[in-house]
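Following this message is one structure expressed as structure tokens.
By written order: A, B and C. Residues from 1 in each chain.
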Amino acid sequence: IGTQSTVILAVMDAACIKSCPPLLDYKTEKYVLTRNRRVGAFHRLLHLGIFCYTIGWVLVVKKGYQEIDSNPRFSVITKLKGVSVTKDFRELEEKLWDVADFVKPSQGENVLFLVTNFIATPGQVQSVCPESPLVLDGRCGEDLDCSAAEAVVNGNGIKTGKCIRLNATHSTCEIYGWCPVENGSLMSKPLLNEAENFTLFIKHAVHFGKFNFFRANTLETSSETYFKSCRYDPIHTPYCPVFRIQDIIRKVGHSFEELSILGGVVAVHIEWKCDLDHSVALCKPRYHFRLQEKKNNFRTATYYWNKERQEYRDLLKLYGIRFDISVTGEARRFGVIPTAVSFGTACAFLGAATFLCDLILLYLDEKANFYWDCKYEEVAPQQ
Amino acid sequence: IGTQSTVILAVMDAACIKSCPPLLDYKTEKYVLTRNRRVGAFHRLLHLGIFCYTIGWVLVVKKGYQEIDSNPRFSVITKLKGVSVTKDFRELEEKLWDVADFVKPSQGENVLFLVTNFIATPGQVQSVCPESPLVLDGRCGEDLDCSAAEAVVNGNGIKTGKCIRLNATHSTCEIYGWCPVENGSLMSKPLLNEAENFTLFIKHAVHFGKFNFFRANTLETSSETYFKSCRYDPIHTPYCPVFRIQDIIRKVGHSFEELSILGGVVAVHIEWKCDLDHSVALCKPRYHFRLQEKKNNFRTATYYWNKERQEYRDLLKLYGIRFDISVTGEARRFGVIPTAVSFGTACAFLGAATFLCDLILLYLDEKANFYWDCKYEEVAPQQ
Amino acid sequence: IGTQSTVILAVMDAACIKSCPPLLDYKTEKYVLTRNRRVGAFHRLLHLGIFCYTIGWVLVVKKGYQEIDSNPRFSVITKLKGVSVTKDFRELEEKLWDVADFVKPSQGENVLFLVTNFIATPGQVQSVCPESPLVLDGRCGEDLDCSAAEAVVNGNGIKTGKCIRLNATHSTCEIYGWCPVENGSLMSKPLLNEAENFTLFIKHAVHFGKFNFFRANTLETSSETYFKSCRYDPIHTPYCPVFRIQDIIRKVGHSFEELSILGGVVAVHIEWKCDLDHSVALCKPRYHFRLQEKKNNFRTATYYWNKERQEYRDLLKLYGIRFDISVTGEARRFGVIPTAVSFGTACAFLGAATFLCDLILLYLDEKANFYWDCKYEEVAPQQ
């Protein structure tokens, strides 16, 4: 209480000696002071427990004095870079892959697909041809096995009713569909088998709306040439989000060579934990990688119309590694209400502690009756 | 209090008979015990109310003793399967559609588009041609109606200033743009009208970061062949996320035939509610379907350069059903702080109940003055 | 207390005059009433503070009586419309762009890319050719500068070991890769430089699962023709989410002409703040725009197989503006538990206020000893 208020109170005191409004009377609970060491010690122990819980657990460990925003909005821009080095590049049969070939979609969003292998079936047209012998339901011995107008289960078309001999051992139903059917087998040596120099650049920004706090995973000052040469390291270069593909694949416990044959799905999770009461410099993204699927492929086709307006297509079955980038974040800052609730809870528990001790004193203690009579003063208005 | 602490307290008692630190005195509030049944009953009623609210509502119904994580991160992998069976497949005019034809984009992300109908305009080049008579602003009576260098509103190009007679009834402005303009009308019988055997496989996983709890909607043990034959059923096969397209469309209250002509947008919402204090087996995804739009189409084009390096394109206006898959989740687990806040609030309310009863006793009761004098013991230090 | 309960209590009173269960005794704390104005005033000040904090801050400002759902799920449907008007459209060298040309992907999801400029390299095949002189690592003086079988850093292929003279001043290594290499320079006048009439239609809906509250940014009653002519205005047409591209670019502080040369990334953030205790009509979306990147491009290619089954491709390096649309929301509604916690905290603080005043009265006041003796009534059981 400052000097000013002291003066005000002194004036008030002088002004109303006896006729003062009872509003300023101070009422304090009357206590019974017992020298009961057992209950007293227990009471102090409870106080200590509440104190430790509130200070230690709620405030220090759980930071219960802070408001939390765990719904940041974010945007992700990705860029895959690299040229696939095939060892015997002089044989023209081998192919060189660049970014336009192996990244789909190429816009650089938060899901991207790195093509590592494919089966191409160019020049398909709608006509009749034998089903692939790889499709179980397409195999046949005679025409009766191929009921006309029925779709081949997990196959490529509709049976016409004929059974066609492919070679000495295989016969398959003739189908109506895109012909010829996909028949190429996957190379066990993937087309894109050298990814040492491939890099994935993940630029993103988070915005915590509650605190209007904005943060990016790249330093504003960084020049473009910096990102061309740097590689991510959590300690030395936390603001260089450039990852070598091989490092990512190794972190999820596989080799690139292994995954590149049949493809896979790798979840890239970026986590922000920002304590805005501390230095903002400590608020750095953490990157987690996890293999979600050991197989991944999809089919895509490009369509053409020739001069007779007949449609044909080039079918591609692409195998590859899909990167699913997700960002989550949690920002915390001192807030009045969470602090109040934390302390309010502690206050309420202090009351509960007294209640508990009273129970012991009044019901379990040897002299319970004596304490009862001391605590409760029976009064009765005169009837 | 265990035997050990009893011993400690006995020693303390003996050591400090009168000179003991007052820290271990136990102070308990002195109460005035009144036989006022009305206020007493009201007091007990309030206690009962607080008790019921805390146990019944806060703890049982709202599970206020649990911490909540409602921000799981998740990843979705989708796969559409099927071959469109056209009834008169022997007429080569009809077309057979497979996955590469009717799914766009084909990567299997959380938004996918099932093409059901289209208008193709192959071989467009940049030149001049009459605007489509379907565009209102393109119609004209004479050259003056077509102001040169002005774009046709909602049209396909820029007017050159000429009006061209198409037939006896229609004249349209000549435009500069991709020619010829799109003019095909939509078939009222959609191209993809049989989707009985189409299935949508939605594989996804959720990860609740707060509890480090991971869950997928497919059983780890399930073989790939299992997913080829199973269909989703909430009771019998909750871990087989394979849906027939027709079933989904029927659930949103339409027929596939109806939606497939002009397309539509179907929101697929997957909801997880996991109580980690109970058996994890009860934590299953629930699927909700909702029709968001009754029309859906977009235009896409493929570009070519012929030998004279002239560019031309094939334009496709695709109609279809877009599936928007979203995942939300909420996991709950016992937490110390929410429990403490729940009980702390209850304790605080017990104090408030006493305050309320005091108000009645001291201001509303017939003998209020008597109780006032009993409760408040006036003291004044000697001046 | 109603008349019924009064009757019940009167009966209870009559039934048990003295032998009544002590359960219905009302016990009230005994208080010591002091005329200490200083502490009394301080006590009232604390009460006033708690009252103001609870009513003013917690309930009015922070609306602590409400439950919050800040995890809505949402779906976004976008549509870009417009025809690029090039001024001298009569020169056939210039190109007219329409939606199928400049929007990628074209499905209308929450990320869309508006192509504004490009470099085309048609007809690339896998063979040997000199590297582009723009790639630093590809320049050479003699064959020794080009180590065979090594990839050109940030280049287009693998060195064959030869150094090739391009012209009087430049020599580059011969590479194996897609040939010829991309060499076109960007036009400083972008291809898509007139976007006055381009519009972005952003249709979306949010669903707050906790309150089962659904809301869209378009009026259900609006006809399709309404959206063809309306433009967004926060006051007059809040439910017309049609934005002119130029307006968006201007809002982020740039001109369309400037951004269209090298592209850029614009974050479109839609924010819902809904107070369900008030009129739902007040719950409108707010749109925020922010420039995230000043450069944006990606490469894409289309593949062909000629009759000799040789593969070739048309490479496109596309520059453009990417729109990243994100939706966040927060809905609030009266909830029993947050209200209880707010009031419970206030109750607990009232107790803490008394404790604080007691400290002053018993330790800091001039007559502290006197008050101590009044407050604490020492009792001791007879040994």
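One rule holds in what follows: contacts are C-beta pairs under 8 Å (C-beta built on N, C-alpha and C of every residue); 3 or more make two chains touch, one makes a residue touch a chain.
Chain identities (UniProt): A, B, C = P2X purinoceptor.
It should be emphasised that the depicted structure is a prediction, and the values quoted were computed from it without experimental measurement.
Asker: What's the call on chain B versus chain C, same or different interface residues, using the half cut on shared numbers?
Answerer: On the two sides of the chain C and chain B interface, the residue numbers are mostly different, under half being shared.
Asker: Can you tell me the C-alpha superposition angle of chain A onto chain B, nearest 5°?
Answerer: 120
Asker: Between chain B and chain C, tell me the centre distance in angstrom, where each centre is the average of that chain's C-alpha atoms.
Answerer: 16
Asker: Could you list the positions in chain C whose residues touch two or more of the other chains?
Answerer: 27, 29-35, 71, 105, 302, 341, 344-348, 351, 371, 374, 376-377, in rising order.
Asker: For a test of understanding, state which residues of chain C touch chain A in their complex under the given definition.
Answerer: Touching chain A from chain C are residues 27, 29-44, 53, 57-58, 62, 64, 70-71, 104-105, 111, 113, 126-127, 149, 151-152, 154-158, 160, 176-178, 265, 267, 269, 271, 292-293, 296, 298-305, 309, 311, 313, 315, 322, 324, 326, 328, 341, 344-349, 351-352, 354, 357-358, 361, 371, 374-381.
Asker: Quick one: in the complex, what on chain B touches chain A?
Answerer: 1, 5-6, 9, 12-13, 20, 23-35, 71, 73-75, 77, 79, 81, 83, 85-87, 89-90, 92, 95-96, 98-101, 105-109, 120, 122-123, 197, 203, 205, 207, 209, 228, 302, 314, 316, 336-337, 340-341, 343-348, 350-351, 367, 370-371, 374, 376-377
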